[in-house]
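Okay, so chain A shows up in both of these, paired with chain B first and chain C after.
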Partner chain A sequence: MYFFLQIATSGIATGAIYGLIAVGYSLTFMTTRVLNFALGMWVMLGGMLTYSLLVLHGIHPLIVLPMVITALFLLGLAAERFTVLPFLRAGSDVWVMSTLAVGLLMIDLAEIVWGRSPTPVPPVLGKEPIYLGQVSILPQQLIIIAAACIAFLALDLFYRRTLTGKAFRAVAYSGEVSGLMGINTRRLQAVSYAAAAALAGFAGFLVVPLTLAEPQLGTVLGLKAFAIAIIAGLAAPRGILVCGLGYGALEALISGYFYTGIRDILGFLLMILGLFLKPEGLFGRGVEERA
Partner chain B sequence: MTGIRYGLGLAAGAAAALGTLIPAGAQEPIKIGFAGALTGPAAFVGVEIKRGTEIAIDEINAKGGIKGRKLVLISRDDEHNPVKTVAQYRELVEREKVVAMVGATNSASMLAVAPIVNDALKVPVICPATDATAITENDAHKQGLDNYIFRVGMYGTGQANFMVDTMVKKFGHTKIGLLTWTGGWGVTGRGELQRRLKENGLAPVADETFDNNDTDMTPQIIKLKNAGAQSILNYALVRENTFVVQTKEKLRNDMPYVSAWGIAGPAFWRAAGAAAEGVLTSTTVTIDGPQPPERTAFINEYKRRHNQDMDAAVFGVGAYDAVYLFKTVMERDGTEPQKIRAGLEDIPEFKGLVKHFKRPVFARDRHNAVTEEDMVMTRWTNGKMLEIRYDDKGPYVEIDAQTKKYLDKSNLKLL
Partner chain C sequence: MKARGWLVGLALAALVLLPLFVQGTYYRFLGIVVFIYGIVAVGLNILAGYAGQLSLGHAALMAMGAYTTAILTKALAPVAFFAVTGLHIWLGVIAGTAAAAAFGALLAFPALRVRGPYLAMVTIAFGWVIFKVLQEWVSVTGGDLGLAAIPKAQIGPYIFDTQNFYYVVLALFAVALLLQQRLVGSQIGLAIRAMKHSEIAVSSVGINVHRLKVLVFVISAAFAGFGGTLFAHQQNYISPDNFQFFSSVFFLLAVLFGGAGTLLGPAIGAAVLTLLPEMLHDFEKFRLIVYGGFILVTLYFLPNGVMGLLERRGAAPAGGRSARHGVQPDFAATAGASLELDNVSKNFGGLQALRDVSFRVAPGSIHALIGPNGAGKTTLINVIAGFYRTDGGAVLINGQAANISSMHDAARRGVVRTFQTMKLFGDMTVLEHVLIGLACHSGAGFRLLGRVRAREQAARNLAAARELIALVGLSRFEQTPSSALAYGHRRLLEIARALAVQPKVLLLDEPAAGLITEEIASLAEIIRKLRAAGMTVLLIEHHIDLVVSISDRVTVLDYGAVIADGPPAAVQRDERVIAAYLGPAHALA
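Coming up: the complex of A and B.
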């Protein structure tokens, strides 16, 4: 039993990271059908900024957090304005490339600014593991699970209870009609892109004590998170959390009961199978394609 | 054609200019080449090789060079890209007329360069880094032809043998678990470790792997523990090793953990901190702990020049020795590349920084200077990689010149 619980717990902790990043894909997809394919690199940028402010400048983590989120939000606004909007206006799909290009640029810049050797970032609550019965978990892992749940809950309330949230969903359903109804779709598109970037920054702030600060920290995480967003359904933020936690646990259990080498094969096979059975994602409700 | 004529004109002009600069009687310098990563991810390896080479060359030149001729280093940045390494080796040998090379930073580069060097360029190469076995045990070696590639660093099969044999023979462990990276280096290492265990009549009690996105190794560590592993052997670099020791710390797991030389440098302690305490790392040389005076001199000179500590001492120290090995032969046999190659196979004794070789450094059928018998197992102890030595009472490390600490063979803790 210990074997199962310990492995599942550490898997869920990893899954919470996936979920937190994955919801960023959904944020932009909901409004503009645009995906920031380089979201993992934005996570990295958040992590590296955290490293800079926290370790190199000795700023308190509670001040670092809003700084990182604000910086990434503003950068997200700028990136949307200059690397996505021009292509959307021209009716082109080149934004796929340009979001990736921005990500690669970030990695190169990070290597120049911070170097490439992995550097530790001290976890906010220390390294001493917490014991739940026999099962041990790092305080930082607990924080991530909690933060992911809170972030999703907040997002859910935002979508369901606030006017702006409802406007987001309206734009997701049909940008043109929403515009006719007086919703400033242009602003919502920009804000959703920036919000996804800010969320990635938040994720970076949380994961960097576990992953070490280095320019490649977000690349694989971003890919895994993308897979999860697809499995859950890009238009189903709540499902993304469940899928993230579940996928993380599944991965760890496959490693534990079978073999790490087949983990990704099994995981992605399940994803393809899931999509085959339910193309709109496990939690998707099949939003109709816009004309 | 214009290009060639222009080039010739330039060369003639340069020669004329040099002629006026070099005082009568002075001879042309002897050129030594290096092509490796000086920028990008692997730059720390290339930079150490270059700096180690420079220190040796400056020392030799200060004492009058080789029979009055100065040594110069001509280095190229191959950005860790084998295609560029091959082109730069050609350029250095054919145009710059270097008579010897100090390897590269990428095993793939050396594997690509080796046949060209042996078949066409015919210039002796001593590698301080690049540990793939086939670099020195290449086609020329197998066919008994003249092999131009030598090595003062680690080599793959030797390191795996050394890691397994240390744990089995010196620490008496029979239940060995493997934990290797699914990336290129880890896959090769895993195969080598399995082979050596088999040669010892053993099989791994658990054979776990991890890939680039494993930041938490809980399943692997628990499986190794449940399989009853007495020690874990690992092939990976700083990042992954940090995740392993972090997970071990979280699980309060004190299984002995042994890594190949991917973490042989202060970068590992910087990343992992105190969680790295007690980790064993195999290497060719460590500059921590009590040192012989000639190594101390080198360490101090490095610090004086660059105002920092060495990040990957093995490469700098190896490169320094490579230059002195070339010097030893050139003073005796001249500077013809073929003669240097043959001479390297005939150095009966050599007092290097890597070690004092009291037997021929190389032989016709052995181009690895550092053999399994010469490799060093170190223990990470309070930020230092201390060499493990053995006496009747068992394995120990020297904290300083006075303090000797024995190791508990079952958990590698200091007694």
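Coming up: the complex of A and C.
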């Protein structure tokens, strides 16, 4: 039992990161039906920036965090303007290519600026594990879980309680009609893209002390987060958190009880199966196609 | 068309002659890589470009081909018989292609249920699983180290080196392009392209969309697997790194860059995206930057890919030049069937959309179904046409319980519909729309062999299609993409497409919606002609003038139940009908 709890706890911390990134996919999908296919690279950028400011420049983490988030938000605005907007009307698939292209650019840029070798980043609150009974947890993992919960709570309140949040959901339902109702859909589209980038940056800030700072750090994270967003349903932010945490725990348990090699095989097979059985996602509401 | 044929021939000739002028094996090696990637890209183009099914897992399908042939040929190579005959290579290539095709079929099953980004995710996950299995199943795949010493391609005792393999792969690439062209130009190709725009409409003309989708995945995967086998025998060494997620991205980029849904797009995309990084050897550090920047710049200036710019249309209409006249379409001979509804019910959750609906549509008559908005008219059509299953009651055709299981099943039995919200096939031409409708009865086949029969069939279909297009008065627009048609003409095109299926019962769902008076008059004329030809027509309509002037009988639906049924004049005076439309006060007055 102790072993189980121990593994599940650290798995949940990883899952919180997945959830944070995954909800970024949902943000853009809900407003524009566009997905930033390179969101993992944005996580990497957030992580590398954190490394740069924290380790190389010795800036306090509480100052680094807003810097990273602001930087990624602004970059996200720019990326949306120049690599998504021009293609929104062009054709359905083009944005897949353009967002991926931005990701490729980022990987190479990161390699040029920071080099390829992985570098450790010291956790904010040190490396001494905290004991909850017998179960130990790293302070950074606690921070991650707390931060993810706060982020999701804020997002949920935003969607349900604020006018802008309701506008987001309206645009998700029908951009055209929302426009007629006087919602500035164009601005919402840009902001949602930038917010997704900022969230990815936040995830990068949180995760980089646990991984290592390297240009490839976000690729697999982004992919798994994508899987989670899809399993949960792209239009179900709450479900995404649940699925993220669950997937993280499941992964950790598979590695713990079987072996790490089979972890992703089982995880992704489950995902395919889940989509086959419930195509709109576990928490998504199916939109019946009309004839 | 002609000019492009010459250009392709010229390009092929140049590729054949090129090695004579360039020294060293390096360029031949590059050429081989381009051709192999080109073959995989052709497969992906059929799937993503023509059928509109995005895949980011093609590298894994390629890996299936490569690993299958590698394992098989390595095992067989020591046998003296194979060493002399080289047959193990052939076996390996066939087995590899088949293995990939089998996995393609497997991949198609989730694709039957999901689309768009969801499908992209399924293919990514599939690629990931295969990649991980290759890494972890060390005893068979060699794990991260991969498989080395894979035999070279061989015919008899003759072993191909890079010098000669160049020509083999070039020829195979040319064959792949040719196969693609034949597929796209065939009846099945039409259906595949139509599926990209509306799967529902494709099934409404009697085509089994599920089977079609599995077929497309299998074909596409076979190309990828075949490319993979060539790759293995060329490289003689393969490892999981060759088939990463980024390789799948590469293939999709190649297709999009070259022009998705164009015949030569994948060739151009594979060539440019393979050669460009090679030319950038000196800029090793900036490779991805130049690559990514290049993609963005291309997207800005070539939104439909290189070929999209050069080639407006993906394929010539089947048999477009061999028009023959004097072939009569069969539609005039179609005998209309009777349609009977016996206590049909349909619920959506707690909402009872249809309550014990019963009425009979006489064969060869025009029967109108009217009722206020939300009365359940379209639901009823959906039930009759097999889009919904009934929750009770039966639909009878010619007095026999139909037990229709799906929309294509209904269409094949002669129950064909149009759609209230039109479902046309985007940029496909008017002629192509009608040809797809004809596929159902002309035995749609991917006819690579038996060309003479196929040509005759194509000519018959073409004549029949023209007849139907003339009937609805769209002859002038035969080659116009449906997306460029005026609204009223689109409605007529929907009817022409449905007629091509040779319906015994035609279900028209608000065909006059949005039409102007003159257009309604010509629509009425067309429907009368259909009745004169013996067809049974069930017409949902809000234009009461039209209903009264052409229908033999009218059924009125309100809140999912039949409230009146009879000749138009009688129904018009029915108090319950007046109440349903105008409120009870008017009924009393």
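Some points to look at:
The rule is simple: the second predicted complex is superposed on the first by the 283 of 291 C-alpha atoms of A that agree within 3 Å, B and C clash if a C-alpha of one lies under 4 Å from a C-alpha of the other, contacts with A are read in each partner's own complex, and residues count from 1 in each chain.
Here, a contact is a pair of C-beta atoms (placed from the backbone, for glycine too) under 8 Å apart; a residue touches a chain by one contact, two chains touch by 3 or more.
Predicted model only: the values in this text are computed from it and were never measured.
Within the superposed three-chain model, A:Ala101 lies in touch with chain C and out of touch with chain B [touch as defined at top].
By the document's definition of touching, of the two partners only chain B reaches A:Thr14; chain C does not.
In the superposition on chain A, A:Phe3 makes contact with chain B only, not with chain C. Within the superposed three-chain model, A:Gly261 lies in touch with chain B and with chain C [touch as defined at top].
The partner that reaches more residues of chain A, of the two candidates chain B and chain C, is C.
Of the two partner chains placed by the overlay, only chain B lies in contact with A:Leu138; chain C stays clear of it. In the superposition on chain A, no contact is made by A:Pro66 with either chain B or chain C. Of the two partner chains, neither chain B nor chain C is touched by A:Gly126. With both structures placed on the common chain, the touch criterion links A:Ser117 to chain B but leaves chain C unconnected.
Common to the chain B-facing and chain C-facing surfaces of chain A are residues 111, 261, 264. Those residues of chain C that touch chain A in the complex are listed here as 48, 54, 109-110, 113-114, 116-118, 120-122, 124-126, 128-129, 132-133, 135-136, 200, 204, 245, 249, 252-253, 256-257, 260, 285-289, 291-293, 295-296, 299-300, 303-304, 378, 382, 385, 387, 407, 419, 421, 423. Listing the residues of chain A that touch chain B in their complex gives 3, 6-7, 10-11, 13-14, 111, 116-120, 127, 129, 136-138, 141, 210-212, 214, 220-221, 224, 252-253, 255-256, 259-261, 264.
Interface residues of chain B facing chain A in the complex, by the touch rule stated above, are 40-41, 44, 182, 208-216, 218-220, 222-223, 226, 238-239, 242, 246-247, 249-252, 267, 270-273, 275. Residues of chain A that touch chain C in their complex: 29, 35, 83, 86-87, 90-94, 96-98, 100-105, 107-109, 111-112, 219, 223, 226-227, 230, 234, 261-262, 264-265, 268-269, 271-272, 275-276, 279, 281, 289-291.
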